[in-house]
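Shared between the two complexes below is chain A, which has chain B as its partner in the first and chain C in the second.
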Partner chain A sequence: MARAAHPQAMQPKKPGTTRTAPPKMPDGFPGKGRYRTYVAFETTGLIYLLMGFIILRAIWQLGAGEAGWNGVMDAYRNPIMIGFHVLALVGVIFVGVRFFWLFPKAQPPRIGPVRPPPAAILKGMLYSVWIGTTLVMTWVLAGGAF
Partner chain B sequence: MSDVQIKKFVVTRFDPDKDEVPRTDTFEVPCQSDWMVLDALNFIKDQLDGSLSYRWSCRMAVCGSCGMNVDGAPTLTCKSPLSSYGDTVEVTPLSNFPVIRDLVVELDGFMEKLKAVKPWIIRAKEKAVEEGPYRQSPEELEDFKQFSLCINCMLCYAACPVVGNEPDFIGPAAIALGYRYNLDSRDEGASERNAIFRGEGSVYSCSFANECSEVCPENVDPAAAINQAKLSGLVDWAASLVLPRGGKD
Partner chain C sequence: MKQLLIVLEPVIWFMFGQGIMIGTILLTGWLIVVGVGVPMGLFPADALAYERMHMLGSNVIGRVVLLGLIVLPLWKGAHHLRSLAVDFGGGDRDAIVGSLLYLIAIVGSLLGIVAVIRL
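After this line comes the complex of A and B, so read on.
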């Protein structure tokens, strides 16, 4: 049974004289089929919100000097924190893959005289930048730059 | 003579004069193997219950009248073979629309949105007839041809979760048609339409569920049009900050 949609959905500004049955949301929304993937994509926003809070808290704690830094490191070793970061990693990969899948079709046929490259090349470029950035960041964090 | 199979049709009924809420009726239909869903509805109407109301016209996926939900999915019933469904087929009116009667939905809201995006060629100054026709190269035609194939069947509206939640959202087909004119080399109204795309019910309400493109029977890809309109609207807005007459025109 489909959920009720907003009562004004697709209503004309001046309603007709015939009584109408209220609109319903699409069948399967939000938990079935392709809608589930879309809702999962949207829900990852919560992960980023929580991640933002964690980072802000860590930055705040650094104000306490070395003890603060050690406190942050201890907190990051907590199994719940590790689990959350694994979840965040899965979320980022999921969002990246979906975004890269949809990105080529969001390109106008031309911007001024310039046409965007074909979808396959565009996707290849995006994945290359993603993988390259990940490798560079890994190298920097592993101490390779220092 | 093709094979006949009895299928059960569970069809939404709603009489605004009698019914408080929509209900369902079940019909057993002897379906031929080459029938479309619309053929079965026509059989019900002709042989079983003449009071069943639904829209249809061309029977060749051109007019866009016969859009309904079949087994929950927005479907052009004249284009959907019954052989791809099971023994029981559920037919309901398009989602996200108020229902006038049985399978007939209220279209005026859509017509208002369509008109709002000015889906026609806008010229700053019309050419005189003696100046000849507006010329367009095949490449320029290719830029927008895909978006001009829309038949206004409204399946995209029925599939979109944003349409159901945000009544002001202009919606997929209307944006695709408006954007089609923005891409037309003969048109000079892109800034005018982009202002509409950025206004009430803006293109930025779209969260790219992509369902509109999944259900489109003509492969118009309205999600592409909406998200391209977001980018070009942004470019146009930025240009309007630095150029006295804005972007394209």
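After this line comes the complex of A and C, so read on.
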């Protein structure tokens, strides 16, 4: 049995003439089937928000000097921080796979006079940029260049 | 407040969209090396030595990449947390919750700009 949804979830600004049933959350929300994936996708927002501030702190300390940056690197070696970063990496890959799967479906039939490329080509382009950028960043950051 | 969020929706969605796409593309390599690889000893620690990271981050390309790594995830995070709040708590507090989350993203973005300028 679906649980009751928020009473004002779909309330129109003016009462209509047709009586409507109280809104209900769909069956399975939030933990089953497609809803689970949908909620997981939204929940990665917390990981991204935290990552933004974690990287902000790191770059701030990089600008502050060597002692500050070394403090960041020491903090990153903490097992809790490594665990969070592993979770964040899993979350980021999940977001990328889901978004690049959805992206071709969200394209309009035409963009001005041009038709978007077929889904397979769009996906191939997105994955190429993602994998290519990741390889270059990994290579540069890990000391392969410069 | 709700009206302001509606007016700003194109900007919010633009930043959110870039956060998902470009933020995800940039975060993957950063997390592999800085978040996991070097702390676990999979890559040499010298790769993230202060002088090297400062040299990589303080040129124009480095500053743009670092700014993207800070700003874009903040907007993806703020917008998705707002959606999560609506899904679980309804729309009554959306104006306050949304404004607060975007304010956090704006403050973080401004601090991010200052952080990359300081390099």
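Keep this in mind: the second predicted complex is superposed on the first by the 127 of 146 C-alpha atoms of A that agree within 3 Å, B and C clash if a C-alpha of one lies under 4 Å from a C-alpha of the other, contacts with A are read in each partner's own complex, and residues count from 1 in each chain.
What we mean here is this: a residue touches a chain if its C-beta (ideal position, glycine included) is under 8 Å from a C-beta of that chain, and two chains touch if they have at least 3 such contacts.
Just so it is clear, the structure is predicted and the values come from calculations on it, not from any experiment.
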Partner chain in contact with A:111 - chain B first, chain C second, else both or neither: first
Partner chain in contact with A:129 - chain B first, chain C second, else both or neither: second
Chain B versus chain C as contact partner of A:146, first or second or both or neither: second
Touching partner for A:62 - first (chain B), second (chain C), both, neither: second
Touched partner set for A:12, first chain B, second chain C, both or neither: first
Touching partner for A:30 - first (chain B), second (chain C), both, neither: both
Touching partner for A:22 - first (chain B), second (chain C), both, neither: first
First (chain B), second (chain C), both or neither touched by A:119: neither
Winner by number of chain A residues touched, once chain B and chain C are compared: C
Touching both chain C and chain B, counted on chain A across the two superposed complexes: 5-6, 8-9, 30, 42
Chain A residues touching chain C - in the complex, by the definition given at the top: 5-9, 30, 39, 41-53, 55-56, 58-60, 62-66, 69-70, 73, 76-77, 81-82, 85-86, 88-89, 92-93, 95-96, 99, 103, 129-130, 133-138, 140-143, 146
Chain B partner contacts - residues on chain A that touch it in the complex: 2, 5-6, 8-13, 16, 18-30, 34-35, 38, 42, 102, 105-111
For the chain B and chain A complex, residues of the former touching the latter: 14, 16, 19, 21-22, 69, 72-74, 92, 95-101, 105-106, 108-112, 142-144, 157-161, 163-167, 183, 207-211, 213-214, 221, 223-224, 227-228, 230-232, 235
Residue numbers on chain C that touch chain A, as the complex places them: 19-21, 23-40, 43-48, 50-57, 66, 69-74, 76-81, 83-84, 87-92, 104-105, 108, 111-112, 115-116, 118-119
